[in-house]
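Chain naming follows the written order as A, B, C and D, and within any one chain the residues start at number 1.
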């Protein structure tokens, strides 16, 4: 035992000595992108394709173009396991060199919003995070373009109205929102409530607790309620269980619409044939049949399609982060136009993002034609109110089943501004002026 | 012969009952406190403070809290996360309602509310014991988490239900909120920890500590010598929850800056329990050592491959971290089942004779 | 006042106690005079420990009353009994294994300590004074029982005889009026037994404590007790001075019927 | 006042108003409860035979299911994959005995509990290293169609799951009552010394009981995996088994089943009838509260052994 004890003491000593050596590494000559990923844990099925999208796009641009205007791109993954506390460590480790941070978790985003402003690191939570950050006057360092949960909810209501034949037809319809019982899941509720008042549909809110493997009670309630439409904000295992349960009670799947985090391969593939007909919102086209995917296949995977598919090539979440990575690089280019073709700092990046304007022509040039809509961010508007597409799962792939549906900016924007003002008041922030 | 006790005679009961009767212990603790207050702020960068030291301090406080309840009073609890949430949400609620109130006072008030909640959930401990009680305290954990997630009043009706630490000053220095520097937050957390650790140490070496340990070691005999189980256990629940509540408040206001109820989920309860078991049940020092182990070792393990120049997939790194960490726990338990505190005692005994083998 | 002209401290009247179908005590009555050393003897399973448990309120009898210091109780709560000055030791040692000897004995002073937890957390002023004042008393008892050398040792590491002594010390620390000893000499060797006898008599002498003890060793019982009560199958079969009891036919029968 | 009516009157009126739906809720609750019991059984087996509160049971479910589905994905036929997975679980039991239980023999329950937490980390990590963290579909050919019986919608899968659980419990009962090993296991549960006197090495008993618990974990992993895909979240269903465990008593196999049924029905009724009134997603804490209330009356659980206090 004596030797063991000595060994133990030795090991502990080494551990604690080494911990303090660890720390941020000095700046480099690359345009550095920290990737807060989660390839493990309960949300890994969502985290893996997201992480791969970022990685593959940066890799491809390095190999195809040699970087952005001659500046090489580098990145480093840090595993958060979707845990806020691990997120802190990752952020602290990587922030010194960070161009922009995509936290990829609502919890981590909320936590970084106040910090980012002090550290001068822009945050980009595209399509998640705190909806109020769409107001760039209160949140100069946080962005959530191309669109937000609230905008999305309004677009989905728009879509339902289209299906029913007009806004007036919403009156008396029953819509249920099945949501992940977390800040993320709750985000859509206020919008849905405001719109229920406005259009006269009957809204039922049904919460499902993390992780959501067991939802019998929720679906019993739905079976009794018989809603006309179900809107779902799920995450992780919850989505596929819900899809299966919906099929089990013979709910018409084309009246079951997931939000953009609830409509990826992770929800439908494990659910098997039960998922056929399930719909979901998105702000990017799915599938690998876009020009940019061909570039990735060629430069990253040397034409090996099987290997590319193993790495989620063309999946919904993969495509979403491809667009995110591309938009990051576009913002770098905007900043380089002003500050010169060199490594851009976080503060310069923020200026680039404030002035980001990805036009239809530019989208085509980049190989994203048809996969996304033009995106324009301004100093005051960090969202861009991008439109939403509805896609449907056919058992093998996601197919678009709608046009790009506009969001109800007239309803949503005042809510955002009000929420941002409340935040400003609580945290003694003076909103900046935007010309 | 570092720990030579010979020659240290105690002539009064006061000396004998001093908090650290051995002189070397006194110097060691004094030195540690000095280093923590003076040296660390001078040399530590933000990564050290924010990623390692502040969480360590906060979890130490929570671990001391749980150790009072579980290690000293023998009541196994898995409601720590819930009680921490009470502290955090109450602090948010009070400080947004009365922005002028000193934030440190608000921590204390919130701790008191957590103590009240602890008393309520401690009531079943009169009848329920051991693992049954542990699982019963999960009711507190899940109920509290649900409550703060569901009732909008607790998070001032904001749309997502997340609380954010607003900027607050103490004596003109920004203590919470984004403008508060990591060093200031570290020093505040450290002061609170030192203060409360001292109080805990005082409690456990006096009448209350003895009645807790009596209840823990043999509740029937304790009752027969006149220690009333219910008030004694409830006091343990109250004080433990107070500590956890303050730790929870610190977690949001001095460390994370913002959180949802998920930050206080069941894993936190488990983690704090791991800390006190691996650190040593019934030891204040053990709580600190356990907190250091559980918060720092995973961070070390995840960064270790990069430190020695090995680069691997993050997922693989994470899995290896998990395996090594798990194996370390089992290994340490086999070598020293009574935790690091006991290990330290044995080391001290060895040092007493060092460098002589016998 | 009882027949001997001494003041009665404890009076047990018509106690009946049963667990499920098992009758542990039936209609047992006796009284204990102040300052007396009373022994309860009887074969295994005669209900001796149950009797002590009734006196200090751990068991609640189905019928009968316990009158202590002139107050009748149908059901005494254990902590009330302790507060009223009843202390006891146990057949199977009931020390607090994780604590040192000193801490174990200090728990005996618990009821007499008043300072609230806030002062204790600070360990200043009243809390400090109180600790020292009670420590002084405890040291007195420690000296009395001659266990100075093991003060700081966790009780779990002490030999059996020492543990018994510490337990007695803890009971004495509470300055009891009535001390219940459940087989204080079980498992001891002759020297230890002699020590213990001496301590019991000294306690009785010096502190004036009334003692009720259960013991198997007849020699010891006859030597130290003023009076002896014999229980058999939950019934009292004899009550008198050691000599009287020794001569009692019912007692002889009860003991001969067993292999003792 | 209105709230009081909503909480204390309206739900009961609602139940009385549509008894068929109430029946459907109850049946669904029973079927869900069976699934909880499947996980709880593993805990009970180990606690009964070795007094260890096995925190790693959830990780064992994940590990077993990951092994099975990983083998199937690599083209191993289903039956063979099940056999190999069983073999892996036996090997795990052996390893646990050799490297964890044996060195820790005679330690306090809380130390053993902590050790199983270490085991939990090891299993989570190694399972995912070997088979990945991505979600995997597990199709074992159990039909998943729904059918209608007198207005009550039932799902075939749930019925099969209940059958599997019933067979498993029957099998365990036979194992415990009729076989020599089973009797020895019960002896161990009562008294370690007595078991040694019978002539069975404790070591063998532990390996057997951990193997059986591993097999139960495999069954639970298959059933839950078929329901919700095989992925990390499987490790979290252990949390759903805990209230079942305290309700049924840590040492009782029938307790795990009855406890599961009570929790299943209780939480479904609470969620469906009271959830909308007080805010939804109350299932989790309700299950624990229900267990807690039971414990106030029977501190040792429904079927646990009565604790007698003596001095």
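To be clear about the criterion, a contact is a pair of C-beta atoms (placed from the backbone, for glycine too) under 8 Å apart; a residue touches a chain by one contact, two chains touch by 3 or more.
Predicted model only: the values in this text are computed from it and were never measured.
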Sort out for me whether A-B or B-C is joined by the greater number of C-beta contact pairs. A-B
If chain centres are mean C-alpha positions, then the most distant from subunit B is chain C
Nearest-to-centre chain - CA centroid comparison: B
For the pair subunit B and subunit C, the C-alpha centroid-to-centroid distance in angstrom is 41
Whole-Å separation of chain centres (CA-atom averages), subunit A against subunit D: 35
Could you work out how far the Cα centre of subunit C sits from that of subunit D, in whole Å? 49
Provide the list of subunit C residues touching at least two other chains, using ranges where the numbers run on. 58, 90, 94
Taking each residue of subunit B in turn, which ones touch at least two of the other chains? 146, 149-150, 220-221, 224, 315, 318-319
Per-residue multi-chain contacts in subunit A, two or more chains: 39-40, 44, 48, 181, 207, 209
Subunit C - residues contacting subunit B, complex: 56, 58, 78-79, 81-83, 87-88, 90, 94-99, 103, 106-111, 113, 115, 117, 120-123, 127-128, 130-132, 135-136, 139, 170-171, 174
Touching residues of subunit B toward subunit D in the complex: what are they? 76, 124, 127-132, 135-136, 138-139, 142-143, 145-146, 149-151, 220-221, 224, 266, 270, 274, 277-278, 281, 315-316, 318-323, 325-330, 333-334, 337
Within their complex, state which residues of subunit B touch subunit C. 13-14, 17, 19, 199-200, 202-203, 205-208, 210-211, 213-214, 216-218, 220-228, 235, 239, 282
Can you check the complex and tell me which residues of subunit A touch subunit B? 1, 4-5, 8-9, 12, 15-16, 18-24, 37, 39-40, 44, 48, 77-79, 81, 84-85, 88-89, 92-93, 106-107, 110-111, 113-115, 117-118, 130-132, 181-184, 186-187, 189-190, 207, 209-210, 419, 422-423, 426-428
Give every residue of subunit B touching subunit A within the complex, in rising order. 45-48, 50-52, 55, 96, 146, 149-150, 156, 158-162, 164-167, 177-179, 255-263, 265, 292-293, 296-297, 299-300, 302-304, 307, 313-315, 317-319, 331-332, 335-336, 343, 346-347
